[in-house]
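Given below, in the form of structure tokens, are the structures.
Paired with chain B in one complex and with chain C in the other, chain A is shared by the two complexes that follow.
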Partner chain A sequence: MHIPDGYLSPQTYIPLFGVFAAAVTVAVKKVKKEVSARDIPYLGMAAAFSFIIMMFNLPIPGGTTGHAVGSAVIAILFGPWAAVVAVSVAIIIQALIFGDGGITAIGANCFNMAVCMPFAAYYLFRLFSYGSAKKSRVFFAAFIAGYLSLVLAAILTGIEFGIQPLIASSVDGKALYCPYDLKIAVPAMAIEHLLLFGIVEGVITAIIVKYFLKNEPGLIYAFRKGGKNENE
Partner chain B sequence: MLSGREVKMRMNKLQKRILVILLSLCLLTPIGILLPQYFNAGDAWGEWSAQTVNELVGYIPKGLEKYADLYKAPVPDYSINRDNSSIVHQSGYYLVSGILGATVTYIVMLIISMLIIRNGK
Partner chain C sequence: MENKIPPYLIKIADPQYDPASIKGAKLSFLDKTILNSSKAVKSIYLQAENAAKDNFIQKINPTIKVISLIYMAIVISIVSNLRTQLIITVIIFLLFIIARLKLYEVYRKILFLAFIFGFLVVLPAALNVITPGKIIFNIITFNKPSHFLIYNIPQNIGITIHGIEVVSLVFLRVLNSVSFALLVVYTTPFPSFIKSFKSIGVPDIFLMILSLAYKYIFILSRTIEETYFAFKSRLLGNIKNSSIRRLIGGRIFYIFKKSMIIYQDTYNAMVSRGYSGKVVLHSRNHFTVKDVIVLMVIVISGIVLILF
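Coming up: the complex of A and B.
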């Protein structure tokens, strides 16, 4: 899901850089307010976890590869705003050091995986757990949050790819950037994430959230913020 | 601002356990290149080289050709030597890249978090 350089037109990546910059500005303020200093090591580990988990490329046999992102679990445990910062750091380091994802596409890639995905995951988790701290409910809600939020990020990526032929084609009808339109790019991105990568994100999210629920339930942001505990 | 040493000393049991899990995950990263190779899976969708796009659609889009190599990463594709075709060597490069990348990400995130959060308790 890391869009490389040359696939997005400036009309696409520049506005997405703007949106990403705005999101980071808000995220910095929110993290300052919401996260206590003793949880700083967790944030470092969260970013490192996202980096590592994205290295586990999984195959669709005979087809393409993909991976989980880790945004969902970070958003549930430490809040969507902390996830924005942590996953952005991982994505930017992937681009700068390892050339994974383009320099021009940093805004777009962060928008998909580090902004939209954690927020989708967080609210899906809140919706499906419905304030319940019951293990099975939390496990289910965390799975759905991971699964659907990764699929959403994949669809956004597919849309960004797919609008390129509409935005920028030469006079002979050849695309200047990504050559596949929405009809191809969106289903391609959606289906592979629905079938495999989303499930992996869901399982990872569910297992880790359940682990924290057992070992350090007071830490879980999604329960502290407006969840069951707030009413007590 | 806290120094790295202080943060490390303040780490609790769960945090130490997570660090060990993360380190173990780093050691498993070669799965990320071995599994796709075993199942004969290629590039991620939309992450093809300009040459591969040429094979797929019959031409290289002008903008793609122009910007594809805009930036030279120091360790492209998590490999210090992409010409070496040995899967054992590539697994080693991938593992080292994983440890390097995860460590840099961890440290950068710690520094950024410390700069943002100054309400130390």
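Coming up: the complex of A and C.
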């Protein structure tokens, strides 16, 4: 899921960095407004949590690995704007310290996993839980939110890979960046996340949200923002 | 007087003991992942250790290094010539020697990352089905060309010269980007990175979360390792998957609760030291003539490499 350096052309990573920078600027303002100074360390903890989740790589056929992201659970528990900041921090630390994800691709990786994914997860959760705090419905809604939001992030990554041969090739038609076109990149990214990593993300999201619902329902941001409380 | 304590209880544990390294030891995937993740997080200390050395590269102003990192990442991404990418590989290797870093350990990590992300993933692009061109090594021949869903399958599938060039270019780009990033990371303490980000205009709240997250990663990693092995040591016999999911969910929630206590303590500690929501730098990174010269050399080198 983490795009390394060398796969995206400047025509792709510069605009995506611009979108990410704009999103994170708004997120910082929103977080300052919504989160008190007391809760800033809590966001640091959320970022560390996302970082740790992303370190749990699963081996997949073909010799590579994949992992859950944790954006969905952070968006449901802390709110989508806070998730933008927390997951971006996790991705930046991963790129700088572990070499997992490229420096030039920070904007693209953050756009996929720290901007689009938390918002998709948050609104999917709101949609499927329908404001109810019934355990089974919350579990299902959290699973769907984690599952579909990760698949969405994977498809966005596939599109970013797939457009490279179209926008950045040499005079003799050779690919200069990611060599796989949309017909290969999008299905490859979508299928492995539909069949494997999406399920992992969904299960992790559902288990954590279920435990919060049982023990600390007041901490779930998605319920604080207009949900009913009919815990059963 | 002879004690009656069983010998295995009084035996002092070997500090080098690593269950993953025992020959023939069968560890589950989760055990391995926990051990490897914890090992990787601990290795961050290696960075701080090396960064403290008093070498030429270590002494360069961190802000210059961060600017150089971004600039060189862009240069490496723009250069599309194999020969120039090879020159960059050699230059970075020489810089590692000048920085007196542990070459074997650093390059083992670099080559592992470059092999996974820059070679294995892109290897199929060497075939004519991805990169058309003259086949130099035929792998398989079908009776006739065919069509499957949206894909055209040619009669002959093999490796092309253009394909090898594409794979080599992406591999060298990934190798150079990862190695330059690690060169900067291994020669710059993380707190200096934070100061540099402040200098280039990153908002305070973002920096605060960044530095707290960096510290929490160590605490969380250790808590997870201890919690997991404590939990595993209490398991006996076959346990249903649903029970394991419930137990793991409970452990994750426990880690969250523990983290909340830590963050509340952290906040109280910060307030008692005068925290008011604003990040104040105690010492700014001052530029010297040497830093300016280094920056100029890097900028000119980048332009030369692009035009070469």
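Here is the rule we use: the second predicted complex is superposed on the first by the 219 of 232 C-alpha atoms of A that agree within 3 Å, B and C clash if a C-alpha of one lies under 4 Å from a C-alpha of the other, contacts with A are read in each partner's own complex, and residues count from 1 in each chain.
The criterion applied here is as follows: a residue touches a chain if its C-beta (ideal position, glycine included) is under 8 Å from a C-beta of that chain, and two chains touch if they have at least 3 such contacts.
Since the model is a prediction, treat every value here as computed from it, not as a measurement.
S.K.: Please determine, from the superposition on chain A, whether chain B and chain C clash or fit.
M.R.: Aligned on chain A, chain B and chain C clash with each other.
S.K.: For A:Val28 in the superposed arrangement: first (chain B), second (chain C), both or neither?
M.R.: Once the two structures are laid over each other on A, A:Val28 reaches both partners.
S.K.: Check the residue A:Ser149 against both partner chains and state whether it touches chain B (first), chain C (second), both, or neither.
M.R.: neither
S.K.: Quick one: is A:Ser71 in contact with chain B, with chain C, with both, or with neither? Answer first, second, both or neither.
M.R.: neither
S.K.: If you stack the two complexes on chain A, which partner ends up touching A:Thr12: first (chain B), second (chain C), both, or neither?
M.R.: neither
S.K.: Regarding the shared-chain residue A:Ile207, is it in contact with chain B (first), chain C (second), both, or neither?
M.R.: The answer is second: A:Ile207 touches chain C but not chain B.
S.K.: State whether A:Ile52 touches chain B only (first), chain C only (second), both chains, or neither.
M.R.: Both partners.
S.K.: Determine, under the contact definition given at the top, whether A:Ser129 touches first (chain B), second (chain C), both, or neither.
M.R.: neither
S.K.: Just checking: does A:Arg38 make contact with chain B only, chain C only, both, or neither of them? Give me first, second, both or neither.
M.R.: In the superposition, A:Arg38 contacts both chain B and chain C.
S.K.: Considering only the touch criterion stated at the top, classify A:Met1 as touching first (chain B), second (chain C), both, or neither.
M.R.: Touch partner of A:Met1: chain B, not chain C.
S.K.: Applying the stated clash rule to the superposed structures, which of 7-15, 133-141 or 169-177 from chain C runs into chain B?
M.R.: In the superposition, chain B collides with chain C along 169-177.
S.K.: Using the superposition on A, tell me which residues of chain A are in contact with chain B and, in the other complex, with chain C.
M.R.: Correct list for chain A: 4-7, 9, 28, 31-32, 37-38, 40-45, 47-49, 51-52, 55-59, 62-65, 85-86, 89-90, 93, 95-100, 102-104, 170, 174-180, 215-216.
S.K.: Going by the contact rule at the top, pick out the chain A residues touching chain B in the complex.
M.R.: 1-7, 9, 28, 31-32, 35-38, 40-53, 55-67, 85-86, 89-90, 93-100, 102-104, 157, 161, 168, 170, 174-180, 185, 188-189, 192, 215-216
S.K.: Where on chain A is chain C touching in the complex?
M.R.: 4-10, 13, 24-25, 28, 31-32, 37-38, 40-45, 47-49, 51-52, 55-59, 62-65, 85-86, 88-90, 92-93, 95-100, 102-104, 170, 172-180, 183-184, 203-204, 207-208, 210-212, 215-216
S.K.: Write out the stretch or stretches of chain C touching chain A in their complex.
M.R.: Listed in rising order, the residues are 29, 33, 37, 40-41, 44, 47, 69-70, 73-74, 76-78, 80, 109-110, 113, 116-118, 120-122, 125, 130-132, 150-151, 162, 165-166, 169-170, 173-174, 177-178, 181-182, 185, 190, 193, 203, 205-206, 208-217, 219-221, 224, 245, 248-250, 252-253, 255-257, 259-260, 262-264, 266-267, 270, 275-277.
S.K.: Within the complex, which stretch of chain B touches chain A?
M.R.: These residues of chain B touch chain A: 2, 7-8, 10-11, 14-15, 18-19, 22, 25-26, 28-29, 31-33, 35-36, 38-47, 50, 53, 56-57, 59, 61-78, 94, 97-98, 100-110, 112-114, 116-121.
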